[in-house]
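The structure under discussion appears below in the form of structure tokens.
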């Protein structure tokens, strides 16, 4: 079953809007830093997809494990709010959440972990869910993956284990219609719904970016994963508004425009201009300030094993 | 859709019955040789499943590629009839089809190939099917796998490729309710039908061991794989009558008895006693003779890379 | 006690002593008890923590990595070590990396058990010695089963290190007995060298009287002993055998005085040549004993070949006792 | 011409010359043209034979193995070589094995291209040099991209051998220019040694006047040259640099006379230590030049560490020109 939330986005709590805007400006800031040659390596922004982790945010509790992927800044910021630590990590400055070793793609903080090899996290998340299953508390492991990651066999091995062993594993799919440069129809036969069903795993598809509606919809489902200890797949029908990493968007103009048309940022600005404009300004300024601060810090230190 | 063939088995052409009985006595002969300590290593007999490759036999043409697995004696014998070459391979004697190097699990002859690592063959078969797709002739790649092999991620990666690229790949599943010692319900969530559907791949389940009926049913399907160049999964609901390899059957008695009740060998003997008895005797004697001959041969020679 | 039984009881004791220990693998539960029966009885006593898995080597090791990440201790049996190839990413790119790639030390208590080696007629994809492919990964320890090293201590050491580890188990050892009390047979005695990761030292009369030194992982023990016995009885050539438990990281220091006294050092492995543990060891020894080696180090490997299934072909390809015997003879005439 | 362009045109020529050549990989088709743009333009000219694949490293290599088995020539691009870990089984246990495990020679024309190496800020799982993990597999050839070796010839050689092969491509080379006509710059010239698998030899004035010899795979070329230049200008120490194209199997013979003349032999790799190509090479050289080496061979590796993402940390961990410079200085004072 797909649930499409209303075209008109419902009014967000200030904190939610702030987080979404924080993520947005954080990502824009990163692209900017790259363009200025102030960042090296790579980064994958979640422009257009910010609402997903924000919607999920309050449904997850402290002891839940979250597995993020290469496109993880939104996942991190929605969980910890800590833009300083993340930016420092990406820039390799003091205060970096992983001392600059992991960088954008490899973050560990408490029960939050991201990895850069697609598909690798699902079996690991299944193992963590097995651990949680034995504990007394109704905790779960949530793992974000993209549509393209369904190409990896590891995903299916993990789904099989999760269903066989009744593991509290929530697979959150950010189906943004593309994997790097390859459109989903060129890399995925069949559907994600069918693939979940194939393993007897519950599946829920969600279109639209209404955070409140998504939350309401997902609350009972997440509770079931948690309490009945059963895996579920939640698939977000979403749009990647920016490039895959930096400046590598080879999509045709119509596809890029289609993504832009679905951008919650533009839609929300239209629907709630009076709330949006000041909040947007605040977060833009805040991120500018954070970048300023973090960029001024000395390089991160790491007791590396070498001299 | 599952098609269950009639309980009463229709009368087989002499050649088909002979092949099935050849395989049966070949396998029994192997277990016997093992017990006598005359074979080393391991072997996996297809007792109870002989009818599957025999039913498929005439549906495949010379240029088709066949991928077999660890339980491949029936696949080989149904294609080549060559019990001498296979036995020599297993016993490491002259005339061995692969000079004794591959042994029971690793056979290559023309476009027939078996491997001992589960799941590995499907991506390879997909590649061969990609090759065939470009050629002028309507050829296909058929790959035998067991139910347990659906645990391997490689299977799903290959199915995805096969559907995306419209490859003439026929996946033949010998679902014998068990993988080594593990019952299917303990290693597989969901169904094989669902897993094929998940990739938009046609699936046909077949219960019963009536070779003529199976053939009739599969003829159009195989032709479609061949001519439309589309993958399909054919799942045989079958029973492993013997041990996994040698003497390692840890199933409960009721399960073993259930398998025995479904053994085509017993059923066919009941249904067609006058045809069965002499044919059975002939093949038993023939295999005894082959074992006698091959056992008397000198060891196989191989220009090994070492001195 | 057989080596497989020693390993079995080490696993049992671990499970009994620590609620956070899991054992995962294909067909490892009772009544089957694993392809080589090493896990026999474990699932009956600890049903919730000894789990038979689907055929999913990658995911099993991944799930074990997840358990370890969550603070548990996870032991995986790969039915045939060859299939660890399917878990290469989880071992090298997840578990080992996780120990340090997050900028601080994250202990991961994970053991991947890999039955390896040939001479059993299992053929080219079920007989390899894949140790070398896992060599030199930061925070991945490699151990090998041996008839000298009590597995209770070995497993405890592997878990205590807090880094993922692989235990390579030469299948031919399972049915051999564990050596005990410093005595192997009428001819050979043994003791241990090095405190931290003890290396078994086999000698004839006295540990300081020997011509050649053989270094070999556990699986080669019996072939080496047979060769050493023949060399002694036929040529009065006496050799010392050094069998480590931990292959990597390897601590050469305690062995240097012993190695310095050798006429020739012979490193024996069942693997094919090329980037092996023995090659690594040799190139580490040369500079450390610069000017003190009497002859170049000799590496003994299996032929550069797949491992054939037929016994007579397999025998020819793999290192046997007579391969080692020949190496000893040449050492004596070097 | 840049190295990436040379490789690109080698691929293009192969596709144009031979109808049976396929190129498979993630995101390799136009307009994207691959993560490192090495396949740019190929799919536009040969749409049916240059295929963008799903994220399925194992199956891609498996499918390529199938093409090769059926007589085609298949080239796979693994986006980051680190992910070849996911294809380990298909490479080691299927493709390489198939060449001989069926008792007769089955040629398999399969190339797996693996961009490797760090210094680009891609972090611990996108920067490794995994060469050593594939070393010593019977019938698996390993090559490395170099600015000396024309890729048309390299790819042709790899396919002609009829064994699966991996081409390791240090990412830092893509944007460097190919060297031509025996001249690198004002200081260095080069020629080739060995007929069958030519090794590039870089020298100052004359190829027979040198103090130290550096052996390094292609990716280390520029760092080695920088170090050699500094050593020459600052210390008047002259070094020879040997850069092979094929790492395994490796033919030492043509190099022995050169190596014998070195004050010190230095083998440089970006990999961490432990079971490396350099270690293998070193242990092969010792016995071949027994009694003729003036000093132990020196191996230069990256630190025993994950590769951090931040540039300042990454720099410290990986071999840099100054690491090699330091090794040369020590060699001069050895």
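Think of it as A, B, C and D in the order they're written, each chain with its own count starting at 1.
The definition used in the following text is that contacts are C-beta pairs under 8 Å (C-beta built on N, C-alpha and C of every residue); 3 or more make two chains touch, one makes a residue touch a chain.
These numbers come from a predicted model, not from an experiment.
The set of chains touching subunit A and also touching subunit D is given as B, C. Each chain gets one centre point, the mean of its Cα atoms, and the points for subunit A and subunit B are 45 Å apart. Averaging C-alpha coordinates per chain places the centre of subunit C 31 Å away from that of subunit D.
With touch defined as above, residues shared between interfaces to two or more other chains in subunit B number as follows: 96, 99-102, 106, 115, 117, 150-154, 157, 160, 164, 186-188, 302, 305. Multi-chain contact residues of subunit D (touching two or more other chains): 53-54, 56, 58-59, 82-83, 86, 89, 93, 97, 100-101, 103, 123-125, 138, 304-306, 308. Taken as a contact graph, the chains are fully connected, with every chain touching every other chain.
By the touch rule above, subunit B contacts subunit A in their complex via residues 150-157, 159-160, 162-164, 186-191, 194-195, 197-201.
Those residues of subunit A whose C-beta lies close enough to touch subunit C in the complex are 65, 96-102, 106-108, 113, 115, 117, 120, 122-132, 134, 141, 153-154, 157-158, 160-161, 164-165, 302, 305.
Contact residues on subunit D toward subunit A in their complex (touch as defined above): 26-27, 29, 31-32, 35, 52-59, 82-83, 86, 120-126, 303-306, 308-313, 316-317. Note for the complex: subunit A touches subunit D at residues 40-42, 91-92, 96, 99-106, 115-119, 148-153, 179-182, 186-188, 248, 250, 299-300, 302, 304-306.
Taken in their complex, subunit C has these residues touching subunit D: 82-83, 85-86, 88-89, 92-93, 97, 100-101, 103, 123-125, 132-139, 248-249, 271-277, 279-280, 282-283, 286-287, 290, 295-297, 299, 304-306, 308.
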